[in-house]
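Labels for the chains are A, B and C, by order of writing; each one numbers its residues from 1.
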Amino acid sequence: MPIITLTTDFGTKDHFVGAIKGTIYSELPDARIVDISHQITPFNITETAYVLRNAYKSFPEGSIHIIGVDSELNEDNKHIALKLDGHFFICPDNGLISLLTSEIQPEKIVEINIHDRIETSFPVLDVFVKVACHIARGGTLEIIGKLITSYKKIKELQPTVSEDKNSISGNIIYIDNYGNSITNISKKLFNDIGKGRSFEIVANNYSFKKIHKKYSDIIDFSHPIEQRKMDGSKLALFNSANFLEISIYKSNLKTVGGASTLLGLKYRSVISIKFN
Amino acid sequence: MPIITLTTDFGTKDHFVGAIKGTIYSELPDARIVDISHQITPFNITETAYVLRNAYKSFPEGSIHIIGVDSELNEDNKHIALKLDGHFFICPDNGLISLLTSEIQPEKIVEINIHDRIETSFPVLDVFVKVACHIARGGTLEIIGKLITSYKKIKELQPTVSEDKNSISGNIIYIDNYGNSITNISKKLFNDIGKGRSFEIVANNYSFKKIHKKYSDIIDFSHPIEQRKMDGSKLALFNSANFLEISIYKSNLKTVGGASTLLGLKYRSVISIKFN
Amino acid sequence: MPIITLTTDFGTKDHFVGAIKGTIYSELPDARIVDISHQITPFNITETAYVLRNAYKSFPEGSIHIIGVDSELNEDNKHIALKLDGHFFICPDNGLISLLTSEIQPEKIVEINIHDRIETSFPVLDVFVKVACHIARGGTLEIIGKLITSYKKIKELQPTVSEDKNSISGNIIYIDNYGNSITNISKKLFNDIGKGRSFEIVANNYSFKKIHKKYSDIIDFSHPIEQRKMDGSKLALFNSANFLEISIYKSNLKTVGGASTLLGLKYRSVISIKFN
């Protein structure tokens, strides 16, 4: 039985997530259901894209991913199901798969068309779960939708490279649990454009000329522990998802703050890299 | 093996929920445990009733629901277990089953009386889990309690209808993850009293003369997207649980606010409907 | 298949927890994974120690506990795996097992040394999960590490007893979901030193001469309900984890506050007990 994952902006207080799991278990008693996140900022498609892209790859091929963010069906917001990289995704066509499709072409996309049989104000429960269970039982995408080739893309997920290939301009697309500010600039793009040149990263009024391999690289372990400058130091690094990230070492967003608050690097802030 | 669900006000930081799951798995290695919510506002029985009523129906018959909200045993707060609608509920007798029993009569209720064997300051772990595992193994309610017929009810969950049947007065009983303000007025009551008449809903100083079918119904899709008035529009609709809800379209409680904060429709606020 | 539990400071919004579960399921399709907590205050080792100590005992022997708090590998922060009380723990050597080892000696500890095969900025995913799956398949600790006998301890978890054995001085080590302030003074220590003598507990300017058995013990049920003083009363009791706790009856940390905010008993506040 394949795994079914859930990525939503429903929060974990309301009954929504429990109702979805109950419905899946009612149809598939042996289901394995995994929560990826229910704490997506309401209606935030960029956050959804970032979390989904970084989580799905760890699951086995054949996993089915339900994404419930801004999923009300209307003229501008169709429901789609797709197969990509051996995984299935069931979601609204609102651009949240942009980060996936910018790296890997979908094998197949359908626009879900079982709605004429279902009138609902809770489509994730009534439509997406039904589609997921259909796929889990071995059903094909063609039975629950019609093949399509175009789908929405969101632009803010893509950084831009200057014509002379000497600079990259990106944005903060995600703030993580520690207040780290994560950009849309991947390690691959950085290396492809930089080709090993020295560089300066500028974000707000802060400048970084080095990219660290891990957070504690900024600590000088040759000093005794009580003389080390540690907490509160800022650094740039590629995070485990291979995106450029600005961090404050051992920050705490709920007390002293993190890079997002202390350096003013909020969602959508601009960050630029100049290569020499 | 039946599903065991958990609905509590324990939060997810402390060790409580982990300890409960560990105990269940120690007794029943094949258990399927599902979190409904651990984010109930501490000691809030009305919220518990709302979440439980809307989640349990999605689970298969025979599911066992543990509810740990305000569950310390004392003279005023007995522990009960009941069978209702084919499901089992284990909870304190503090009124939280009122929303269930207002719709469906319990088949059987017992006052749990295994406490003489257990001295505990964590009854959900030490008593409710034991009862749940007993039921999961096919045990009967009579073995862990004595049959009773009366139980506590909470009044604020019930709206009132005027004598002339021309108006309904209700309350906000729940604020959801998006800041939507949910009333205790069901679609069924609205239709039974309204009988298709035109109406005016008044909540604070706001008035609504239409009930929408879904959130995006307030958007005029005939206008190009950049000319549409969208975010920030207020509307009334019956939510997926079939309760009347006042909403701000695409609101975000953590940033700009939702209906609960922007319209001042907080927990226990009054809402009234006048039919013409 | 043994249970694998997760205790981290990752939060539940980011992709981290989903990625870990996906990786475990990819290696062990029949895994049973249980979240203990992902809401540990970032880098807070004391909180981790408290939550872990109180949760692990409820799980069956042989369970494998992954702890991801302040786990970046560096000169000062090795990775260890240990067997204690029939359970396995995989964690950084930063003192978080102090509460466990102060009560029960580890049977075996190894310093994990598989890192030369793995370069990673997400060691919980890339190293701890690998070790957990190795143990779950029946592998021994010696294969993934070298035996060690010393490990870090944190002092603030231990209260001090005066030389004349007439007083105990402790600290608040944890604030729970209700705002209760929990000390590092165990019921066992209290009884061992107090030997049944009368006592005075002083915390900030507040004094307690009685320790209650449960929260509602402070209510006088002989009065009719509307004349009872209930919410807002402060009390001392041993909580279900058997640590001395200062509580406000039915407090709500998010609205009126709890003992931590109303009595100023925050993390690391001092509390003392004098026996007569």
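The working rule: contacts are C-beta pairs under 8 Å (C-beta built on N, C-alpha and C of every residue); 3 or more make two chains touch, one makes a residue touch a chain.
Small disclaimer: the values here were computed from a predicted structure and weren't measured.
Relative orientation of chain A and chain B, expressed as the C-alpha superposition rotation angle, is 120° to the nearest 5. Copies chain A and chain C of the same chain sequence form an interface built mainly from non-equivalent positions, shared numbers / all numbers used being under half. Chain A and chain C, compared by their mean Cα positions, are separated by 31 Å. Across the assembly, chain C contributes 12 as residues in contact with two or more other chains.
Residue ranges of chain C in contact with chain B, taken from their complex: 3, 5, 7, 12, 32, 34-40, 50-52, 54-60, 63, 176-178, 213-216, 219, 221, 225, 237-241, 250-254. On the side of chain A, the complex with chain B involves touching residues 9-23, 25-26, 29, 41-43, 70, 72-77, 120-122, 125.
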